[in-house]
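Next up: some structures, all given as structure tokens.
Heads up, the next two complexes both have chain A, just with different partners, chain B and then chain C.
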Partner chain A sequence: MLKPKHFFLLPALLTLAAIILFPLVFTVRVSFSSWDVYQAGLDFIGGRNYARLFEDTRFWESLLRLSGMSLITVTLQYVLGFALALAVWKKMRGGRIFRVLFLVPMMTTPVVMSVIWRTVFHESLGPANDLLSMVGIGPVPWLSSAAGAFISVVIVEVWQWTPFMFLLLLAGLVSLPREPYLAAAIDGASPARTFWQVTFPLMAPISIGAIIIRLIEASKIMDTVYVMTSGGPGTATETPSYYIYIRGLRDFQVGYSAALSLAYLVLMIITLTIIAKVLMRFLVGKET
Partner chain B sequence: MKRISSTLTIAAMLTSTAMPAAVQAEADYSKYGIAKDIPGSCSYAAIDAKDYSGQTLNVITHAIPVIGEPTALHAEQFSELTGAEVNVVHVPFGDLFQRIMIPFQSGQNAYDVLFYASLWIGDFNRFLAPVPEAYTASSGMADVTDSFKGVATWNGQMIQYPMDGDRHYLKYRTDVFDNPEMQAKFKEATGRDLAVPTTWEEYNEVASVFSGFDWDGDGELNYGSAEVAKRDDLMFSAFISRAAPYAKHPDVGGGFFFDIETMEPLINTPGFVRGLELFVEAQQAFPPGGTNFGLGDEIFSFGGGQTLMSYSWDDAFIQAQQDGSRIRNAVGAAPLPGAKQVWNRETGEWDSFDEPNRAPYMTWGWSSAVSKESENQEMAFDFLCFFSNEANTFHDLQIGRFGVNPYRDSHFDSAFWQGLGWDADVADSYVTTLSEMEDSTNRVYDLRVPGVGQFMSSMANGVAEALAGQKSPQEALDGVADEWSDIVERIGADRLREAYANVVRLEDNEG
Partner chain C sequence: MGRTYHIIKYLCLLVWTAFVVFPFLWALSTSFKDANAVTSGARYLPWVEFEPSVQGWTSLFASGSQGINIVTPFLNSASVTLLASIVSLGLGTLAAYGLSRYSYKVGFVKNSDITFFFISQRIMPPIVLAIPFFLMLKEIQALDTIFGLVIVYVALLLPIAVWVMTDFFASIPKELDEMAMIDGCTPIGAFFRVVLPNSTAGLVVAGMFCLIFGWNDFFFAFILTFTETQLLPVAIVSLNSSVTPWWSLSAFALISVTPLALIAIVVERFMSRGSLAGAFR
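Presenting the complex of A and B:
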């Protein structure tokens, strides 16, 4: 039964509806319209945009590309982030300074950093090829070959977001109980064995959380691609977010880009749910 | 007596109208950075006489510096002179279209004055106020070249206010072309005399020979060609420049991108394919990373002395001619290369030409307009007229980063450019190249139709796939043609045909 106290929830509910539900519902409605550069407004064209989406090979190719890119970047971020967190956790000399330094990439603006990295990778004028030439390595086509551009984007993503992984994992390490380590020390476990049989299992829930958060963020990669490669060469680094941006804001195919966005959202929810369940089963050993 | 009286009255009227102008013309406006005010309906003196106190003008323009900086400058001046409040919003190029289009589509009167890429006229024309006769009849407008008046015109009515003129042309290093040692080197490599390329095949050959060695003796490697090849960074314009002479037959009218009768895309016909094949081949003479060059990289590469040749807008040439440039007065301008084999879509055969077929590309440039919904149209047009008055334009032309390029007959005056420190032969080559494009009868214009962004984005993607080796030129352009057919179907063939007729009229020299 509705009581006066329930009305105190109303402001929060209305805010929620305004900032989350309305844009979502509106996007769903737009996705069933032909809203584009000439036809503005919400006509109804049924599922034509969704049918078109299934035949859009460029979109599906970008999804496949993103899967590979996310897998590589998040794996590298996790491994490096964990290693750095372990190093700082062990009270290494100058640990406090390193903690701050490690966080700097994450705190910089992605667009600005992408511009700087684009300059670093500039094949004629950038320092990357200059440095490589000093050790006898010829000019690397960082941004003008498909493989080079892909690797460049991966490098920037790893550089920028490893600190985030580091931060979460360090927080997890700091909060671990001391008893299992005392027990391991009494049993004479080696550092490696302590890591694999104590630290890693204890860190599994936090690791899964960190990986899922990073996968969600990685799936939205846009600014790095936009600034560094514009999705090229060809379509070698085109991701779904960038493709949707082109369709929506460059081509002004508002209805179609809404359909792309929703399809992408649904695919991401399904994929990330499956990944989370698989990780839980293998790392923690139970269903969520 | 009566006659004398009326004569005196007319004289008095003339005096009363002329006197303030004369007085104002003598006023000193040099604090605004101009050499002197030039009399006209939108001169400093004329605008100074207007009072827009208490009124507000909202302007949307490109980010600083290109067009954005002169907009801000002249907005401030206009505000000082008239008392109007002028709000200027600067938007990066990638966002400009949607920032203008969304208020238009949603019926908001967000901006009175708009600065944007002129090829968007196909999308924006429904929302723009026609330029009143008082402005179309002004002396400043009379001096605008016919081609740029054409660019501003839609269905016979001027709806854009010309304030910039753009075209693609060839830029090259005269110090290399005139160097006997380099001439000998080229002769040895090719058996031909070194000359400014007149076809794209020659361009690729010259670029290839002068790529990968230090021909200017500065200790750094040099390369043959800098081109805008980065997808989504105006690369579509570079491709049009390269394909135009193969696909634009001087004796075949009725459409360059489409057959206007059927609205069938022509983008995968042999002329375009040949242009793309040569674009792909040209990559071997690009500097390292050249396939990822945007416009800024191209300007820097040629303007900075790294490459022998380049073609695109004025910027790289102006950059090379800036004070302090190490290649100042060592550059020349020439028409875009042509083609000796031109695809005739009427006969379905290649036609041979003794003299290369040239198809100057009057590529999109900046334009301006007033919103139909604006409640301050008179003030808005006064602002645009002031922005582009003769004194301001001569000032803006001198500053490369402003992005304002010649669009009036008076701008094709070699003496003006020599006054900026350009050597006579450099200024002559620049002025001659630009002015001769105005006389061509085989020009190519942008696809100024609704959804031009979709068409160009699709084309850029196809060209990028070919440049990256993901598809052959024919496969890539077949894919583009399929996408174009889908776009035509979605937007409507009749609607597009009606809009495209405006482009075809310009290309077929029908006004």
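Presenting the complex of A and C:
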């Protein structure tokens, strides 16, 4: 008879292991093979795929682009999400409606909304340029220029995921203790001072959590790029996920794309760990 | 200062609200346009700026060659998301309860490592697993089936369920289960009769997150299905790349995002009550 402690844990653990382990081990094995569109098979070519990867500037450029994109979008999401959460934190007229509306974008399917955003950014028929022309700007080549396409993707990402920051940060604000605020009020601290001395430090742990979660999700970005720009124009918005997709599932260089995806995974884990450590020291002021 | 501050605050909130609702309103307006209204530049208000037409909406349910079938992808999406969410929530809740009440030790692997194993799956970029998943499902002949997608989605959603529920159970006092066991319940009985009925808040939050991430996934559905089992996001992307007119596309998009957008009302209620805080600490 199964012991209770195993009854609880094992079903989930075995299910996940069964689904995940084979693909992971398989990817490692394939990354040492020359599997491509001409010859499918698990031969062994040593580290040749990995050697090739170091020379592949398109891959490294996509990583650099992803770093810039994630940094910009997550910073914007955090600042905007925090500001919005602070604005609707206290009881106010219409607060509930604002809160519900601010959450809606994160519930919507990224690719479906990207289809809509594409029409919004359409250069001659879309409303983005139409509205800008009313204030005398434009026409902006949204999706056909490198900078325009990059900015479009950033706008859509900020639209889609600021609500997630808002959700976590507001949930954190709601559960803050009251005593520090009473103390600050007795001291006659200004609202700005109360924020920097009380709210911000108390929110540091949840801020770090929210930023890390968003960075993880942002580093996988692919759906939005696929629909909005297909990585273009040229490779102006190509992210690693999308580049690996092209190599693996368009060109069928299965072996090489496996090496790329493992390199990408390892780099991501290292970078995110470093960022988490730095944030901890910076915001909480102590080692963990 | 109070008055000006309030006016500025409301203005900022209104600007953000306009940004949030804009794509929805634009899609709603576009869904009632015809070819004329779309190709003559951006038009916003029906009746004022263009004559509304319902062909965008009727084409989604029309049969025959010019009809776009939205019903089948909708039902597919609903079945895959619901099945995967139920399985993940069930398995995840059990595992989270185990991890919060017992200590496991296999070699140097302890509870925190097991929890990390579950949650770390969220870090995995979908692209890393795409090709092996494809070959794996091909091997068991589950490509392009609901069953195959459910398997993959469970791997996607189980970490979320474990993550939310582990934090939730940490906030439920152990005395609750101990009382039940003193009253003669077995550990498993205590869980089902006493702990579970008191976990509605956690289950709702975890369930909502499973639904959101399941319903909104595109990549795996895109790689692992072809024509038999099309999900909504895949269906709309394939429409987008063909010559489908904007009005049908907009109507289709609105139908596929509305069910989940309504969940925002439930999420807001939990967030404001403070029931989410435990889940994200």
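The criterion applied here is as follows: the second predicted complex is superposed on the first by the 274 of 288 C-alpha atoms of A that agree within 3 Å, B and C clash if a C-alpha of one lies under 4 Å from a C-alpha of the other, contacts with A are read in each partner's own complex, and residues count from 1 in each chain.
The rule is simple: a contact is a pair of C-beta atoms (placed from the backbone, for glycine too) under 8 Å apart; a residue touches a chain by one contact, two chains touch by 3 or more.
Computed from a predicted structure; not experimentally measured.
Look at A:Pro180: by the touch rule set out above, it reaches neither chain B nor chain C.
In the superposed model, A:Lys220 lies in contact with chain C only, and not with chain B.
Between chain B and chain C, the partner in contact with more residues of chain A is C. Of the two partner chains placed by superposition, only chain C is touched by A:Ala12; chain B is not. When both complexes are overlaid on chain A, the residue A:Phe22 reaches chain C alone and has no touch with chain B. Shared-chain residue A:Arg96: touches chain C; no touch with chain B.
Of the two partner chains placed by superposition, chain B and chain C are both touched by A:Leu249. In the superposition on chain A, A:Pro105 makes contact with chain C only, not with chain B. Using the contact criterion defined above for the overlaid structures, shared-chain residue A:Pro201 touches neither chain B nor chain C, since it reaches no partner.
Shared-chain residue A:Ser124: touches chain B and chain C both. Common to the chain B and chain C contact sets on chain A are residues 124, 129, 249. Partner chain A is touched in their complex by these residues of chain B: 94-95, 97-98, 101, 105-106, 123, 230-233, 287-292, 294, 301, 306, 450-451, 453-454, 457, 461, 464-465, 467-470, 490-492, 495. Residues 4-9, 11-13, 15-16, 19-20, 22-24, 26-27, 30, 80, 83-84, 87-88, 96, 98-113, 115-120, 124-127, 129-131, 159, 167-168, 170-172, 174-175, 205-206, 209-210, 216-217, 219-220, 222-223, 226-227, 240-241, 244-245, 248-249, 254, 257-258, 261-262, 264-265, 268-269, 272 of chain A touch chain C in their complex. Within the complex formed with chain A, the chain C residues making contact are 9, 12-13, 16-17, 19-23, 26-27, 30, 38-39, 41-42, 44, 91-92, 94-95, 97-99, 101-102, 104, 114, 117-118, 121-133, 135-136, 151-152, 154-155, 158-159, 162, 186-188, 191, 212, 215-216, 218-219, 223, 232-233, 236-237, 240, 246, 249-250, 253, 256-257, 260-261, 263-265, 267-268, 271-274, 276-281. Only residues 34, 36-38, 40-41, 58, 122-124, 129, 139, 141-144, 146, 149, 229-236, 246, 249-253 of chain A touch chain B when the two sit together in their complex.
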